[in-house]
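A quick write-up on the structure given underneath.
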Amino acid sequence: MNGNRFGRLFQVTTFGESHGEAMGCTVSGCPAGLELSEEDIQADLDRRKPGQSMITTSRGEPDDVSIKSGIQDGYTTGTPIGMVIQNKDARSEKYEPFITAPRPSHGDFTYSAKFGTRNWGGGGRSSARETVNWVAAGAIAKQLLAHAGIELKAHVNQIDDIAAPEVSFEQLNEHSEANDVRCAHPETAERMQARIEEYQQEGDSIGGSIYFEARGAPPGLGAPRFDSLSARLGQAMMSVPATTAFEFGLGREAREYTGSERNDDWEFDSEGNPTPVENDHGGIQGGISSGEPIYGEVTLHAPTSIPKSQQTADWETGELKDEQVIGRHDPVLPPRGVPVVEAMLALTLVDFMLLSGRINPDRLDDRPGEYDTDYHPSNPRNE
Amino acid sequence: MNGNRFGRLFQVTTFGESHGEAMGCTVSGCPAGLELSEEDIQADLDRRKPGQSMITTSRGEPDDVSIKSGIQDGYTTGTPIGMVIQNKDARSEKYEPFITAPRPSHGDFTYSAKFGTRNWGGGGRSSARETVNWVAAGAIAKQLLAHAGIELKAHVNQIDDIAAPEVSFEQLNEHSEANDVRCAHPETAERMQARIEEYQQEGDSIGGSIYFEARGAPPGLGAPRFDSLSARLGQAMMSVPATTAFEFGLGREAREYTGSERNDDWEFDSEGNPTPVENDHGGIQGGISSGEPIYGEVTLHAPTSIPKSQQTADWETGELKDEQVIGRHDPVLPPRGVPVVEAMLALTLVDFMLLSGRINPDRLDDRPGEYDTDYHPSNPRNE
Amino acid sequence: MNGNRFGRLFQVTTFGESHGEAMGCTVSGCPAGLELSEEDIQADLDRRKPGQSMITTSRGEPDDVSIKSGIQDGYTTGTPIGMVIQNKDARSEKYEPFITAPRPSHGDFTYSAKFGTRNWGGGGRSSARETVNWVAAGAIAKQLLAHAGIELKAHVNQIDDIAAPEVSFEQLNEHSEANDVRCAHPETAERMQARIEEYQQEGDSIGGSIYFEARGAPPGLGAPRFDSLSARLGQAMMSVPATTAFEFGLGREAREYTGSERNDDWEFDSEGNPTPVENDHGGIQGGISSGEPIYGEVTLHAPTSIPKSQQTADWETGELKDEQVIGRHDPVLPPRGVPVVEAMLALTLVDFMLLSGRINPDRLDDRPGEYDTDYHPSNPRNE
Amino acid sequence: MNGNRFGRLFQVTTFGESHGEAMGCTVSGCPAGLELSEEDIQADLDRRKPGQSMITTSRGEPDDVSIKSGIQDGYTTGTPIGMVIQNKDARSEKYEPFITAPRPSHGDFTYSAKFGTRNWGGGGRSSARETVNWVAAGAIAKQLLAHAGIELKAHVNQIDDIAAPEVSFEQLNEHSEANDVRCAHPETAERMQARIEEYQQEGDSIGGSIYFEARGAPPGLGAPRFDSLSARLGQAMMSVPATTAFEFGLGREAREYTGSERNDDWEFDSEGNPTPVENDHGGIQGGISSGEPIYGEVTLHAPTSIPKSQQTADWETGELKDEQVIGRHDPVLPPRGVPVVEAMLALTLVDFMLLSGRINPDRLDDRPGEYDTDYHPSNPRNE
């Protein structure tokens, strides 16, 4: 409703502004019995954090997560997991020129129009810094999915007009973290890197896109119509800051395919069950998962904060002025967006796994250990 | 949760299967005092209904809506509006071959995987017939938006590789209903029509896309992050059956723009207020409306039901078989999809208007008439 | 949000006014594979319907339910169950004096204050007639609970100052439907009946209360804090028209018990599991079910529509006037409230059974029959 | 869904266990422009905190709140308000005997039955310590209500069989904080205090109840049926730990009133508007506020943690054992429950104020100051 909650059964609630004291995130609905540590979460935070390479902002944030609740002896307890991440390197003075003069294509004007005010330091709540919370929550979702046999991965598949060729899931896993661009096709990654640096030197920025894929999702996830897997993925991915397009399967290209070309015939798999011959449908049919890999793509526009001078209109002085957005900014978003897209994919899938009862909403059944009180005969699970 | 509800304050709940007795829809959260009749709703239903032209299915459904509640003396009362639309021309026998042998790229397999069964006649709940409910609800939303000064319109902007040139909002309104394709560029419409008929004669079908635009939305609609206007539009549009891509503003093309190209500078409007020089941002900045026209695009794949023979796998007999989906089907979806996309746009916008208090959730203030009991001094609205 | 929805996973959405064309109800989230017929629902509707005895209103409504969707070959399909119940005996003219002069302690004034208007015939949306929808939905919930081994029952345990002694669950089942008052203690029922008739003859009405009990609920239902079983029962029961108090366990009497008196010690049951020695806690500890019977009580005030003359204030004419609420009304609410309380109890419990995964949200596992497509090896349920 | 969220537009999300590192709470949906400081919140936290008198637990928690986000220059910004309260005086060793042997009538057994584990230190998530979050959130709600002219107050109106006489709202405000019991009738407070100490010395505890009242709520708050003001208050109050009964207006006594006795006639107020002669309806008619004071009562059972020896059953050893719950505990709950009940009342009312548009969900209109960007002509609020 107010924009800081995601999920139906696996619920994420966030707080925090770019230059505020801390970012924070509460995950509720994670079943008891999942092994979880701060390190598990930190690994993904480190993939998103600023300052990790020459093509990211130089803001220095360690993004150390601190879990405040919901874990006992290394396992989740089923109650809310509160997490806090301190902001340590905020420098708001660079944003003062923009308090009453909105930066072009940022949320400055629109937040002020909505709230009559806004936290202006570093973009406040509208800053992509807030996705640190998503990645923290998404790391928990991934852990839970892994437990259920679902894996997922994303990589940068296009920067400007440089498109990577199709890669296998194995290539995705092997190569996407091996370069600063996070493109799983090493040769393309190099060309992308060069292009990004070119724009960066010009004081400009550039757009790109992210391909994502999930393997191991059982058939039957998603609900008819408004809560279809595609609709909820649509919401999830269109939440990602700077996203202007979401596609799955053949996506936007589907408009140029005939039915007979795009339709996937059925055959039997080795165990005698129907299975689609191809996967032009991106793992989703009628809004519900088919058991095939779920894949799609997200386009992120170029960062709006650029050193190049742009025109703004100061509503207090009534003057037009040319301003540079100095701060410390990314010249391109997809490389740091990869873990964010993965997080939103994980959060969406884990919710459907819980909603379909495929992951037990209260507790994982195979939780070992001393507090295993799985004892009551009138509990149907124990029969 | 279960897929048959849309909206937070303006809530739509639907029921019905393609070959069931009736379709139905309950709208709650429509404020009191809106003038509303069955005719207002029927006008949009007629744009969506089958059998309206040579390039739609020949199923004969009048789609007459019957309002059961929520209206008194021609005005809404603020309580739920129940609507029922009878199904009159269901012929299920054509679907019998597919009870245990899923039609390619339909929801047959996935619904069965989820529910262990499905209503197989005409595709049951997975059929696009169900969008009749959405259009009924959307017609109410449009009426409410019109009352608040917001207009919206969609048209078919591409079929196969035939793309319409950009059209103005005025052209959209003037031409989109003047041809069977619902393309606002008459000359392109003719070429599209010819192309569709070509595929239709081959026993095949073809994909396409729909452009939508809304005018008059005030700045400040949408909420930060997961409930941004773009995220909720994403969910809404990705719900539309056969949709594989959603974009707004520059959409997927944004990946090839630099920041300095895409960013929209600020100037002052005639009244001295900041206004963007251009609208590459599609009316949404930081997830919140800027006051500029909101526009975007939805891609719909080709109808999966085609007369051409396709292979399926019968899970009961264990046999592969070639089947034609005979029934009565559309050769292309966007022409009938136009009112559906408009409905989802309207439902999304009206919800944000209510959530921001710009439309009063309880009642329209200017409701005339004998039961106007706007009398109580302690009601702050009356002061 | 707007008051016509109940439930999180098992969702009920209603429409209809007392004197409108029809009442209606959509149940979504009922798993596939539940055997269900109109007769199953009708049985409970008949217990609630008007005109069933001398101590109910004489309005003549057959309350025949018509299921429009969601059932195939006698089993639920997992998709929304749409139900419609025609209104047949509305006589609105008796309500004309009250259009601008609110009936005492009714919702007339408050609905008008909220919406600036109201459907005045028969009380419109505020009428308890609307609970016909709840009972229809509740009948489905009961069927699902029975499938999971949970039974529930209510009866009238007090009218005016005539209180029934405690009865066993067996007595509840045996006697509560055997008399018009629906009190499971036959002798008390007679005294209650006489007292009700006494007030009825005086042109007055009287209050009372309903005791409810559920057996077979496993331990572990409910969630911490705001979604505790007690909190959600509180919402459910306080929704019942005319309810002014809700209690469970020792309820209001608990204020006069010490900890050592009220606390229930633990012992072992025959299978060696901890079980409480007594059940002063009403089956709920820390907001979560203990496995013991869940019981509580709901108080309903006297019907506000009485033939006795009462004073109202006409806001149009500015005159005070004495009016009788003529219509056709109940002299007491609990006898017809019994199936309503049962419905709300069932809806609350079934929701928690689904939320905890104890009932599979997609489908019942033991559904027999020809469309049983429980075949896919990658579906974890099938392993 | 998972129990740690309350509210529809004014949303509270909490985390934290009794003996965990910290408690925390995120409030989203608070409009921009509300003056707010940590001191405003601290005042209510101090009323709830342990160790405040001889009749509360001696656990030493300063309960200092730290606001992490959502405030700028002393005013809310409309974005989430993150708050953290450190736990400082947890001593878990006293709880070790109960890890596998549930304390009588606590949530120990039921949490373990649900989650298969539980955080056992100090009762973990089931501890009433968690209400520190509610009070923090409630303090913000109260501030917002005060801004809209709504005041509310609670006091202890019964302990054991000692009932306070009715008190006026003025007395409530004047006396309820003047004694340790928080009873607004000083003489009764003394008797209550003596009684509590008596039980305390016996190593026992006692129940009691809390009366609450809100003034200034406009008519028209609440929605029909399941979201009525009474239903949502029911949920809110039944969430309060140890609550076993909720009533409003005549409450449970209503069962012994006739319609003619309980019904409130209408007259005109000094300005010529209908107003009820009395307020037996507790400010709620048909589930919607009437404009009269909203009042009711909540019963809290005796604390279950008592020094007296009680029997428990150890599911690991299979032995029955007698245990004392040593820890540091309250001998009675209502004195510290008063701010908790006020918080839940405030959270419920503020939500309805937002839902009805009576408080603007985006921002308070009279917010002064330098960032007031209330400038855009197409924003209808500015016309």
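For reference, chains read A, B, C and D in written order, and residue numbers begin at 1 within each chain.
Everything below uses one rule, namely that a residue touches a chain if its C-beta (ideal position, glycine included) is under 8 Å from a C-beta of that chain, and two chains touch if they have at least 3 such contacts.
Predicted model, so just to flag it, every value in this text is computed and none were measured.
Interface matching across A-D, B-D or A-C places the copy of B-C, with more than half of contact pairs shared by residue number, at A-D. Farthest chain from subunit D (centres taken as the mean of C-alpha atoms): B. Put simply, the C-alpha centre of subunit A and that of subunit C have 43 angstrom between them. Put simply, the C-alpha centre of subunit A and that of subunit B have 27 angstrom between them.
Multi-chain contact residues, meaning those touching two or more other chains, occur in subunit B at positions 1-5, 8-9, 14, 79, 113-115, 125, 218-220, 224, 273, 291, 315, 355-356, 362, 375-376, 379.
Across the complex, subunit C is touched by residues 9, 79, 148, 218-220, 224, 269, 271, 273-274, 291, 355-358, 360-362, 375-381 of subunit A. Of all the residues in subunit B, the ones that touch subunit A in their complex are 1-6, 8, 14, 101-102, 104-111, 113-115, 125-126, 130, 158-161, 199, 204-209, 218-228, 230-239, 241, 243-252, 254-268, 272-277, 280-282, 284-291, 299-306, 308, 310-313, 315, 318, 320, 355-356. Remark: subunit D residues 1-5, 8-9, 11, 13-17, 20-24, 26, 28-29, 31-33, 68-70, 72, 75, 77-82, 84, 99-100, 112-120, 124-125, 315, 362-363, 367, 369-376, 379 touch subunit A in the complex.
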